[in-house]
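Have a look at the structure that comes next, please.
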């Protein structure tokens, strides 16, 4: 069997959230998308619809996208109520039209969260994630100051688990899927990745406290342990990392309350 | 005529960088904060450079067109990063990595640059591990390596199939740390649309905020471009849709030389095109060739038959036939051209005829399906996602696709272009890969430039600039450049033609792929050089860019980029036409050995071609930087 | 939420164990009730502690709910659940119903506002036929006259509406626990990759057992298996 013979043609109705800007009123608008190949990706379908809109003199639908291979985390969209569409463990850009039936109505909405303000149509501002990372999602290692890479062995199991967490693409689907728009999965993935590695130990307590504090301040919701986040995650990052972060957070809070602070800690070298 | 002084230090190869570092000028620590550096781009090169310069004390402004620095396309690199650590005790060394890179680049790169790259490769791994990059490890907790891209030693470090992602996130975390510390001013959704030259030196950029449409002027003491490659000139490629040539093209139009644009790398194992709606080609890891056998039917008539119904005797395992010793594992460019040849003969499979089979039936028979699943399961899943076909039951169909561009802005040993104050890093420059890049070397170069080269070499330039001598962003050069950007924007919006931008991009891509793709001919290139200006003219007469300049307008962004590709594509073809030899990723059918291998002409083309803009409507000038091979003897690559 | 949840789970377990004494001879439940009453100030400490736990639990739930609503100002046009369990999605509602039941339950068996005629203080006192022992120590001596809690319970459940409400409420509480009990391991970070499944199984078994054991009391009354003990003349015992 050759693939092209399996390609079907389908017509769908797109019900897309259109909103000219953050303060403009938004509404759903229906578009007929005709003669689509089932081998088209969802974003290619939007490309086609946009070209048709352009030729009709209408403004195309703004949507976020870049790599189109599921790694950059730019594409978003909630498709029929599910972030990144009907598939499991894939991003919107990896969703193909063969996942839909001829005659379907497909509802496309932006990710919705107060911490992700809407920019236009399907595009939202996810810079809150960057701010969380800036608060502590790193290991301080000035360029040039690193010891030999093999100086500190890392147990393979820890390195593998850290890699599971590090696979996060920062797309925000966890927030979009969470009933409470919580960012716990995103934050816990970074906290766990760095917390699992020996290099991440010196800043471990500060990191978890600072990142969680920033997350709360940015207006994300709370975790109610429903695990919609991991179910929607295009990289299937486990919510076990949230438990791990909760443990780290509790320990760090207790330690922070009792830890002695050096008298000269706040002063510089002078 | 541009002055192309490579500034390669004298002395033995292995001592050049060490010596250079001790001889170049330093900036006094107290003075560093008085210098402002603009870094455009936040891929591996951009984010590592911005973070490191900020750590040194410079004031840094970082501009990215993405919504976050973490989205840059470095993130999509799969395979790994090379480093001459010799952790495997298999005889690797800095010299071997240097030599492999020089040879892999078909003797068209600068020896001194490549040696430096190999030297600092070891520091990159140290740095990344310290940042928490979760590289693959052995059970003892030490780092694992694999052999990659036909290298004879195992020097590739990797993090599953997501090495680029992990390295980028490492650099992004360093960048984020310095942003959090207030040492870097981050501008997201900010596209550089012009370079500002004051008194012959790069002193600022003009930026459009993609959300608000606001156009702003930014002055600095030096400008660093790390804006990636230009493969999207072919429209269909493995690049992200947003990747573009605009920043370096606009710098070119301000006097920076564009070097070797015709060196483009075509990756042999990508998923073939299925229809004209297609926006993207997806790479399937090269590792598949370790166990997969590549074939097409012997007879044209069989090409649409179900592969299983074609008996062994009627199949042509052409790589095994032509290259008996390397077989399915021959280098990227060789494998790609062979695929094109059999498809040109009409034996390509799939409806479009542009595909060859990569068959795992033999491997499944030999190893069992479970073992094949363990090795390649994730790749088979990706393939299934895209094509809805199971590679366990039927052969994959693959075809080559544009994957990397070795050419870019010309830079000297300090990574400074011929425009003083303008530095170019990573894929955006031309420096290290010659005519062909080896696997797992792109990540190495991006991070080498950003972490370990520019922090030293930019000091040499800045030390010559008086602190506080930075021009005001209100100066006449800035205002003129801003006006230039504004008028280009309103011109695009004012055309109100009939065709959307994407149609022009597709048409340009077809011209480039057909005439300047895997195999190029004089006639084809001359034809392309007629077609591209005509298409460009049509674009400026008939493109339809809806919406306004004052909001997020993706069609406008795209129009600007495609407009640049329509100019740049012409230069690429011109460079390909003028380089009358075959080398690495540049294959001219007229210049080949009887067996189809590249026939280099070291006497007449053992040089870098650096094109210099001469103004609109005027032919660009082809400058030459001779490549003096002091330490390595140029020889013929042979993979038979 | 998790910490108050732990306290409340501890309470409902203890409460159930105490209640199951209804199946033994009247000395047990009545002696147990008398013992609790005799604790005096300790009983009040426990009561106030529990009340605080309930108040904090509700307060935290309210704050979380408000914050969570605020975290998504514009709702989705299409509501879709990928895998969140029914119990997790109904927490708010099961919580409210359980609270309503709790108030009724206190009014019924502790304060005597409903079914006044069969409230323990309006029933004939019960005379202990043997010692009620806790950890081997006799805490309520034989012959002591105590409130007849067991009769009150049985008479109460003989009203089908009351029994039904109890059954429904206990069912919802079990559903509440199904998410709450599981959840606290996650919130406190005790859940780990390795035994998440086993933990889930334990929680499911616990909640099912909790429901069935609680349900046996009204069910047995309704089915006539559990009856008010005939007043026994002390002399007849021998």
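Residue numbering begins at 1 within each chain, and the chains themselves are lettered A, B and C in the order written.
Basically, contacts are C-beta pairs under 8 Å (C-beta built on N, C-alpha and C of every residue); 3 or more make two chains touch, one makes a residue touch a chain.
Please read all numbers here as calculations on a predicted model, not as lab measurements.
> Just the chain pair, please, that has the highest number of C-beta contacts.
Answer by contact count: the chains A-B.
> What chain lies closest to the overall centre, CA atoms only?
Per-chain C-alpha centroids compared to the overall one single out A.
> Indicate the whole-number Å distance between the mean C-alpha point of chain B and the mean C-alpha point of chain C.
67
> Could you tell me the distance, in whole angstrom, between the mean C-alpha positions of chain A and chain C?
42
> Cα centroid separation between chain A and chain B, in whole Å?
26
> Can you tell me which positions in chain B touch chain A when the two form their complex?
Counting only chain B, the residues touching chain A are 48, 51-52, 55, 66-73, 75-76, 85, 87, 123, 125-132, 134-143, 159-160, 162, 165-166, 169, 172-174, 176-177, 179-180, 186, 188, 211, 238, 240-242, 274-275, 277-280, 282-283, 304, 306, 349-352, 385-389, 394, 397, 451-452, 455, 498-500, 502-503, 544, 546-547, 551-552, 554-555.
> Where on chain C is chain A touching in the complex?
Interface residues on chain C, with respect to chain A: 64, 67-68, 70-85, 88-89, 91, 179, 182-183, 185-193, 196.
> List the residues on chain A that touch chain C in their complex, please.
Touching chain C from chain A are residues 15, 17, 26, 28, 78, 80-82, 107, 109, 112-115, 118, 177, 179-182, 219-228, 231-232, 238-240, 242-250.
> What residues of chain A sit close enough to touch chain B in their complex?
1-7, 20-21, 37, 39-41, 43-45, 47-48, 50-51, 53-55, 57-60, 62, 64-69, 71-74, 87, 90, 94, 96, 98, 119-120, 123, 125-127, 129-130, 133-150, 152-156, 159-160, 162-163, 166-167, 169-170, 193-194, 197, 199-200
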